[in-house]
Every structure is written in C-alpha cells, then in structure tokens.
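Below you will find the structure I want to go over with you.
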Amino acid sequence: MPTHHLVEYADASPEVRAVYDDIMATRKTDWINNFWKALANNPATLKRTWESIKQIMAPGALDPLTKELLYIAVSVTNQCPYCIASHTASARNKGMTDAMFHELMAVVGMANQTNRLAAGYQIEVDEQFKTT
Amino acid sequence: MPTHHLVEYADASPEVRAVYDDIMATRKTDWINNFWKALANNPATLKRTWESIKQIMAPGALDPLTKELLYIAVSVTNQCPYCIASHTASARNKGMTDAMFHELMAVVGMANQTNRLAAGYQIEVDEQFKTT
Amino acid sequence: MPTHHLVEYADASPEVRAVYDDIMATRKTDWINNFWKALANNPATLKRTWESIKQIMAPGALDPLTKELLYIAVSVTNQCPYCIASHTASARNKGMTDAMFHELMAVVGMANQTNRLAAGYQIEVDEQFKTT
Amino acid sequence: MPTHHLVEYADASPEVRAVYDDIMATRKTDWINNFWKALANNPATLKRTWESIKQIMAPGALDPLTKELLYIAVSVTNQCPYCIASHTASARNKGMTDAMFHELMAVVGMANQTNRLAAGYQIEVDEQFKTT
Amino acid sequence: MPTHHLVEYADASPEVRAVYDDIMATRKTDWINNFWKALANNPATLKRTWESIKQIMAPGALDPLTKELLYIAVSVTNQCPYCIASHTASARNKGMTDAMFHELMAVVGMANQTNRLAAGYQIEVDEQFKTT
Amino acid sequence: MPTHHLVEYADASPEVRAVYDDIMATRKTDWINNFWKALANNPATLKRTWESIKQIMAPGALDPLTKELLYIAVSVTNQCPYCIASHTASARNKGMTDAMFHELMAVVGMANQTNRLAAGYQIEVDEQFKTT
C-alpha cells in the first residue's frame, strides 16, 4: 500500500464515513479533500485531527475567516504547498478578498524579515515586554 | 562596538531621530523599543524597515489587530522570542483579549501540526484547490 | 552544466565509482539514487557526506530502523519532499509497517504543535529540567 | 494577567485539576510541569492537548522511548529550548542512555544537513521512491 | 482571479510598468520573472519589495555576488523551490562557478547540522562571544 | 551526567585532546569554545564534525570570511542563538566590518521575506530558471 493511498468514501469503513459525513456537514460541502482521505489510513488520527480542527476553527473570540488567515500565515512560513493551496481556497470561501490576501502576504513577509533581524542583531527583550 | 549596541535618542543623529519621532507619533507612545535602537546602527535599514512596517501594518482591508495576530502567528512558528514578546504586547495594546490569545495559540499549534501531516503523507494538491 | 546534472556510474571517475560501490555494497542494492548522483558533481562532498552517513546510520545504541524514523521526523518538519520520499522508502525496506508510519506521523505532528504552544506561551524551563 | 501565568494545582478549577490528576497518574509522577500550567489558562486547550498527547505517546507499534526520541528530533529541528529540555528529561526517564542521546543528535544533525543538500541541488524524486 | 494571476507587461498599469522598466534596466535584462508578475497584483507590494531589494542588493560593503550567495543560503535553509531556482540562476549570471556553488552547498549543509547540535546539546553561549 | 557536561582539556582523553589541539592550531587560538566541549562527550561526533568543518571552511573557491557570512545567514534563519553569537564573533575575527554585518542582515531579512511571498503567491518556476 503506497504511503498516500487515498481512502474514498465508497471504500471507507463506517468509522471513517462518520468523520467524512461530519466534515461535509460542518463545512456545508459535498466532497472530501485529499488531506482527510490520506489521514483515513489511520482512523484514530483522522478522528482526533478532525475533532481538534472542528473545535479550534469554530467561531469564538476570533471569527472563522481570521482563523483561516492565521492558518495561511503559518502554512506560508512553513513552506507547505498543500496547506497554502487548501487554506487559501478555504479563506476565499469564507470571504477573503484579493485586497485582504495581498495585505496578509505583506504582513507574513514582513514578519519573517523582522524575525531574522531581531535574531541576527541578538536583541534583548525590553523590560516593558516581559510578562512576569 | 558590540553587535547590538542600542542607539538611544539622546545619542542619535538627526536622521535616526526623525524615524524615532515618527515611530512614537504613529504608535502614540513615548518610548522606543530595542528592535529599533539596534537597527539604528544602520540608518538605511532603520528607515526602510520602519517605512515598510508603517505601510504594511496600517489599517486597510485587514484591521491592525488582525495584522498583529498574524505577526504573532509567524513569530511563534519561527520560534523568535523577541518577536513573540513584542508583538504579544502590541496585540494586547490593540485589544487582544485572553480568549483571543488562547484561540490564536490553538490555531497556530494546529496549523503547525497539519502542515507536517500534509508533508509526511505526501499529499497531492486537489484539483479543486489549483488556481490556474 | 545544469545545477543538478546527475553523474551516472558509467560516466563517473574512479573516485566517485568507489563511493557508489560502497553505497551499493553497504545497502545491499544495485542502484544509486539521485541524491548521490547530484552530490557526485563535487567528489569531496560526495565522499564526506557518504562516510558521515555510513557512520551515523550504522547499528549502534539505536537500531537502523529507529534512525530512519528519526530521519523522517526531521525531513517532515523541514518540509523536504525529496528526503521524505527517500527516507520513507528506506524505512519501509528496513521494516517500517503502516502502523509504525501512522504513529510516527502522529508524534511528528503533535511535536510540531506543542513546540509552538511552548514558544507562544513563553513558557520558562522548569528547574527540574535544567541540566547544570 | 501575564501571558504565561501558571495555574497551580491549589488554584485550579475542578476541570483543570482532573487533567492534572490524569497527567500525574499516567506519568507516575507527583508534579506538573510549566507547559501544562500555562495551557491551563485555557481549559479547552489543556484538555484537548493532553488527551491527544496521551493517545499519541501511549505504547503502540512504536514504544514510548522511541516516541520520545522522535519528539526530541522535532524539537531540536525547530530550535525550541523548552521542548528540548523537557523531552530530553522525559527520554532519560524512559531509559535513554548517553550513547543513545549522542546517536540521536548525530542523526538529527545529519538529516538537517542532507535536507538542505537535497533542496539546494534541486534533486528530483527518483521513480523508485514515488508512491503512486 | 486566481491567486497567482501573472500581470504581463502588455496588461500592466503605468505604475506597474514603471517598476518593470526599472527592474529590466537595473538588471540589464529584457524580461520579467514570475515573482514580480505575481506581486504586481498588488502594486504597493510590488513597488515596496522592488525598491527594498534594489537598495539591499546593490554593491556596497558586500559585492553583489556575495549577496546572491547569501540569498541562496537562506532560500535553501527555508526549502523554497522558487527562490532556490531563481537566485541560483542570478548567482550564475553574476559569476558563480560550479566550484563556488559546491562550496556554498557544503557550508549551508554543515551550518544546518551544527545549528541543531548546538540546540540539542543545550549549549550555553561562551562569555567570549557575548557582545554586551 | 548532565546533557551538556563540558569536557575540559585537562579532563579529556588523548583522542579528544588531539582534536582540541588541531582546533586551536587551525584557528590560531588558545581556547576551545563550548560547542566542541559538548560534542566531546561523544568523541566520534567531535572528530567527524571537526574534520568536516575544517574541510568545508578552508579557503577554496570561496574565501573564509564569505563562508562565515553564509554560516551566519543560515544560523539567523534558523533562530539559533548559540550559532549566531559564535559565528558573528568568528566573522569579526576574519575581518567582517560593521558595514558588512548590516548589509548581511539586510539580505538575510529580505530573503526570508521574499521566500514567503514566493510561497504564498504559489509562484511557478519560470522556464528560464529550470536547470534540466
């Protein structure tokens, strides 16, 4: 069995189907993307990962679109092509405009730059920023 | 001169003072944090970095608090202690609540996890996510 | 000459062939993968890298399969597609089962998550964990 | 409230105490390290993270010590000081010897090196390594 | 509009064309690579990024070829395929020989290795290296 | 034995002393920094790492100062405090001026920024940059 064998709905166990059904219901969509089909090779990982994401990405103190933007920021910083593609699509579905995307990229790029300037100049944390 | 000699306002050239003044006016604060004092060793970098950040972090399609949250997401992913401390403080000044911070951490943690699951399972991008 | 010109056995110098022969003998295989064919453009790097890997990956206090799992953990964290593909194949050759692979992915994913939670919450190291 | 306020057992809610009790019982220890005390500021994250780790780090196809070694490999690659300190201590408690630690470091270092050689030489994945 | 719609010269606004013209004049070339055509979707980002790069990559205390080598070192460490390909091409145009490229790769690989050994062994900074 | 027990010259085995002697002779210095004292806990790693570094950092197609600058670029990108401190000191010993350091930081910061813009905009490699 290849590493990324994709478990299709038709071939899935009842346990996996239950997760797929919940994904589609929660996301109001009628298909499952490859990420979940790959995780389904290990139903425990599929279930744990989905339930965690469902809880974390639900509306709360931060709205779902902001959470998608954060997901993209992390995925771009980590250079993860699959994650960038899938979460950019999700963010667009949740209302991300072109203008928002461009500003997101500008912030992510700048943060990656200043993170290195702070490290390279060996800058000590200001007393005012210390939390204890 | 040590690497992270910090340029204090009293010792700064007019060129550096002009940037410091703009930072304090823009941020409505009366002090300069170590990041800028270190960059001031190279006035060209100080000026370019500040002007880029000022432009990028200004209100636009995304509000300033959302931009600070994105900055934290990148800084945490990069394990940059100075940047985490300074931007967490900035975000609190712009209204980040504890509940928002906790949700931010949850999303950043989860994204770092699923980024690796996507890579490790060698998952191919779904046709639906392709942009061309 | 393109950057990743691949040096085939038939075209290799005696110095490079000696390394290729040792790779095939050590690994009990009859082919050389692209990684070594690319490094062979610089025989010094080829020889140094192979000899280091041969020494490091040999059975010792850790068995060869455990070492391959560690290699995958690093490669996935770094988002290196070539390394993930090649070391996943190597691990399977050394006995990695599907169940082991799934658990490996779960640990790597979780570690990447908690690494960021530790950073983002700016958690100080407990006295009990300090080694001096 | 500072970012990394640590929730002590004496001050914890029944919900948090239940997690602390499970951590101590599972790990056969009588104290809670700072990581959990920081997460306890958000009981939902505390509970979700602990339950995921408990499930993932339990004995399975991989033994608990191997899982700790993998955790260290990721934490070192991510340059996370807290995680390196805490998981190195955990691994020692589970039987990691000095010889094992040194071999672990050698593999992690080498993997980080060859990951970059593979990227820099722009090496294409061999057909033999493709999984579809 | 797809995320990476590429803005061709013929379709570009006068503002974008002015940047394209400056890129081609500065680099003494007659074409624009995809990076700039993608950024052109947001003229503010295009202009700011180009002006920063033009300033940073100009001859100074470091010569332009050394700067390209540094750019490759960062891009390889970050596993960014586009950046590796484009800056390797740029470096060759500026005189990087095969021998230089191989030594560059050796240094980048080794630095990534020792960075992890330093982290994993939790090595404290020597007094002699402290800058204050 | 704590993880980062430092092996002093007076307590070192002849095998370790031979490496220490070669480090001091090669670097024309009379002390050994903590990195080597920590690696000395595993003489095989000490010897292999030193011999690789000695070979890689020697003058060649790239001069020793350029190699130190590359080392810093990688160390800053990886956020490795020990490595940044030690290689910045080494670079100064080899002639890095303040002006060179500032330009180095500017390039490293910018490269980290554009690496993410290239990833986030999902930019495809131009035909002109392909090497096969």
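Every chain is named by a letter (A, B, C, D, E and F) in the order it is written, and numbering of its residues begins at 1.
One rule holds in what follows: a contact is a pair of C-beta atoms (placed from the backbone, for glycine too) under 8 Å apart; a residue touches a chain by one contact, two chains touch by 3 or more.
No experiment lies behind these values; they were computed from the predicted model shown.
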item: Any chain that touches chain C and chain B; value: A, D, E, F
item: Reference chain D; chain at largest CA-centroid distance; value: E
item: Chain at maximum distance from chain F, centres defined as averaged CA atoms; value: A
item: Separation of mean Cα positions, chain F and chain E [Å, integer]; value: 20
item: Mean-CA-position distance for chain F and chain A (Å); value: 34
item: Distance from chain F to chain D - Cα centre to Cα centre, in angstrom; value: 27
item: Touching two or more other chains - residue numbers and ranges from chain A; value: 3-4, 41, 44-45, 49, 52, 77-81, 85, 88, 102, 104-106, 108-110, 112-115, 117, 119, 121-122, 131
item: Chain D partner contacts - residues on chain A that touch it in the complex; value: 2-4, 44, 48, 52, 55, 131-132
item: Complex contacts: residues of chain B adjacent to chain F; value: 1, 3, 41-42, 44-45, 49, 78-80, 131
item: Sites on chain A touched by chain F in the complex; value: 72, 76-77, 79, 81, 84-85, 88, 104-105, 108-110, 112-117, 119-122
item: Chain B-facing residues of chain A, complex; value: 3-4, 31, 33-35, 38-39, 41, 45, 49, 52-53, 56-57, 60-62, 66-67, 69-71, 73-75, 77-78, 80-83, 85-89, 97, 99-100, 102-104, 106-108, 110-115, 117-119, 121-126, 128-131
item: Touching residues on chain F, where the partner in the complex is chain B; value: 79, 88, 98, 101-102, 105-106, 109, 122
